[in-house]
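Following are the structures in question.
After this come two complexes, each holding chain A, first together with chain B and then together with chain C.
After this line comes the complex of A and B, so read on.
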């Protein structure tokens, strides 16, 4: 990957090394955001990086939040054509906007719906050609809506996530999930988000600055990367913290105070 | 854990408790250490059954790769298909069945005879998601009291449960190790260092508390053995010189006579040759001065 296009987020995620083997394969990434600072730009950045011409990744995008056209428009501005990728079978889009799991008849339980979704993902991975099977990235946008689709059954959502986690060990695929932290902040014991934090190998948190709103800085990103044995020479548990500003066609990342 | 349990007693049980994703490294550390001891024949237990809920069995195979011997370690897969979505046979909701399976696996590892095996449970927090608190407590208690179980340990994420569940497990264990990061703020260094508190429950009811610092590294965790001494205005430790002087002190009944037999006057005469002797075995030689060891610890009351 050309170094000049790498930014702080790429480095924090470990994407600054060689693109094969894909540094995120077999790992789980959790993106946490809140109303003031939406984390979806991290997801878009990851889509762009996964679909770069130097890698052979396939993305299975499970979308509960927005339709395909939304992502297409945003990624186009970032320099990535999702329509072409979809035609090339590198970007597989599951439209879950009706908040109903595929092929669920009325009367089937929410658990059943999630089982079916899991099976659909599994079938898709198994249906890929041999060389592509090892480079799958599953993206979920977002988990709070999965909970809605399951009629509040967060236990089922956790079971579903557990099974998706098993896919990472079975097929070496990566799992990237987005969830909103502030939804759970009023709960005494926010089990779902805590369990997700335990599941995740990399935690990306988008928060507002402690000093409040600003025009030049939109928020701060904290990336906690629990090292694995694949990365030689680095110690476990690295934390990165930096600020970001979302612009029309890109996002700028910089260390606090380093911008003129 | 290495020494295991005594005949007729419950096996020692360790709860590793954490509230941020830190404890898993500690769990892995204990797992690798115990398996090394088992393989080297240094422990009471001769086999290890790992009940894997939150990581796949292949993860543990890789972790224990250096010393794994299929004959002594078996991994029970509760991770791949806990609820039967893939139509596997494993259903983790039936804890009775799980109990029999664990015992069966363990017996299979050690064969007939008086040998014992150890059990490691990846995550009791996962286990209780699919079963009630009382059934989890039940299976752990039953496992502990089985004659052929030498020791058992498990990982618990205390922030996911009610205090009740955590307390139940703490009552069940003979040792509780709490792991926490050094500082709760998200500063760079703080996710690498942590504190490791252990509470041991002795047989005679005494509690011993130990605290150490740990450093999380790529290869695992390292214990930085800093005895956390309270800050007082006098010196609580002995210098090298002081240690030497202490060793030179002549104690009663020892080091006397310089090789010649010792004549002990016991107030009586005319008992012929002094057949009486005092043979003194001091068993506190290994003890550090001012240690917390209770000399009455080994009394079986």
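After this line comes the complex of A and C, so read on.
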């Protein structure tokens, strides 16, 4: 019934199956973008999907880049009221804009902020009522800023991410992260992004068109769905590639050249 | 109420009674005038003479207003469908309404203008840049300017930005790696006197009248709906600055101007404290629109500063600055020379920026470039727009062009123009694509023509 509302991205992410259990639970989604093209709209789309009235998901949104008002305005235009959802305890927002892990030189204290953050997330999940505990989505809007907060200690960030990753197996929650790919393209061995890509079950890449900017095509998405061995049916990697155009109240996805 | 409407009753039906013969624009404008009268707008004539462009499309508001006009005057007499059809075709002309709104709101606080998505703009000090960015720098955003390592073009942007703030009476925090940061205030340009303004306006109008490709006039600028709407209140919102005239003294004394030298301090902690205390005074309160603050930081990673080799410290400074400014009524402009940073650091800095610009000088005697671009003699440099701040929205702003030439008009006024390809051979006409503000001053082009 709902299938007609699904777009190409939903299908590529595997959201076209039955909505119970949540198709993304237990999986890690990594969104990569670059200076020219922002991939944050994928996050917005996933927030909207997760909070749709038919599902009973709970989102823990850890914001490093933008305040609540920013997301509230965007999601309201997409038809989803975050304030109401926050009051219903379905959308839990951590404002981490001012996160700063002090004193990188003194070793352990730099980890401090991130350990606290992890404990906060864990506590929130444990505090949820039993029926909601199974459908938790953790979203982080900019991992590169965590690195900055940790003063470049990418090991601490990796530890933090591994801890968060362990939650996906422990509570079967899904982890959705955004990072900027082009930061690492000039590094020799960018451990952080490589490990993140390894951990990810689904990789979404937003890139500008190679032919330059256009008003009616804002960029292209490449979705690599690494498939799940423990689920029926699909196996092996699936790559989807399509163009998109971002609008205020929706995002249009289409195959290259298929638009009239 | 009814008595007030009767005088109009006579004239209007004859206008609307035969919609097919009347151009749609006329209908819209007439109804705008009507609306202005009914709403007891202070200046109904202004509504009449509005240029038919848009700043933001608000079809729903117009259509409802129009239909109210309709129901007042022509119930039963006209075909509503024709106007509804007109709505669809004339979307770009609805602007007149929302602009009035912005004019009203801007009168509350000088130098601040309401934009879409609940944002508020302050001017960059360059009218053309405001137009390009769709209104100016939004409050709460971080603007980064990538410097040309060999030329001081970023100073042009900084100066105009700071001057504009001072003219509006907005508090300013300026940080610079130079020995005497306060001395920089002496180089700020002064707003041009009214005489200059008028002469320029008249000139540009004349140019409009003498446009060669006049038949294409109606197509020009249609894709840049935001741009012309700021013309009217330019006087208030964005001044024109005369780069040869220093800013008068009384502007500095009228309000607090904070100057910080960052050369001698060991790390960025001092600067961060300055910024934090500055921004704390500009916290955003709901509803009330207090005075906007401006922070200008010049060459943050300049090599003479001790912190210049501490990549992460600078990044976390920018990050916390961005976090603070998001919740305050202020704009931060940071310039930095990207060539001094490593590639990945540069990318990180770029990701931090809400609005990302870069400036580049052009060589004096580059014959090949001079052949390619018209008006090369008047150019002083190039400005690149990499990214435009998108607060509270997910839709990216795709510009018609991202590279603009920086020109000095009469050696005094800073203007930005689209790059125009020079005519290849003498017989072909001048290239297309000049925007309304372009002065078409290319000597070579006119001679060839």
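Please note the rule applied: the second predicted complex is superposed on the first by the 249 of 260 C-alpha atoms of A that agree within 3 Å, B and C clash if a C-alpha of one lies under 4 Å from a C-alpha of the other, contacts with A are read in each partner's own complex, and residues count from 1 in each chain.
The rule we apply is simple: a residue touches a chain if its C-beta (ideal position, glycine included) is under 8 Å from a C-beta of that chain, and two chains touch if they have at least 3 such contacts.
In this text the structure is predicted, and so the values were computed from the model without any measurement.
**Q** Check the contacts made with chain A and report whether chain B or chain C touches more of its residues.
**A** More residues of chain A are touched by C.
**Q** Once chain A of both complexes is superposed, is A:239 in touch with chain B (first), chain C (second), both, or neither?
**A** first
**Q** Once the structures are superposed on A, label A:112 by its partner contacts, choosing first (chain B), second (chain C), both or neither.
**A** neither
**Q** Which partner does A:226 contact after superposing on A: first (chain B), second (chain C), both, neither?
**A** first
**Q** For the complex, give me every residue of chain C touching chain A.
**A** Residue list for chain C touching chain A: 117-118, 223, 311-313, 315-316, 319-320, 322-324, 326-327, 342-344, 347-348, 350-351, 356, 386-387, 390-396, 398-399, 402.
**Q** Give the list of chain A residues in touch with chain B in this complex.
**A** Within the complex, chain A touches chain B at residues 115, 118-119, 155, 158-159, 162-163, 166, 169-170, 189, 191, 194-195, 197-199, 222, 224, 226-227, 229, 231, 234-237, 239, 241.
**Q** Name, in rising order, each residue of chain A that touches chain C in their complex.
**A** 35-38, 40-41, 44, 66-67, 69-70, 73-74, 77, 97-98, 100, 104, 142, 144-145, 148-149, 151-152, 180, 182-187, 213-215, 218, 246-248, 251
**Q** Within their complex, state which residues of chain B touch chain A.
**A** 21, 25, 54-56, 58-59, 62, 79-83, 85-86, 129, 157, 159-162, 186-188, 190-192, 216-218
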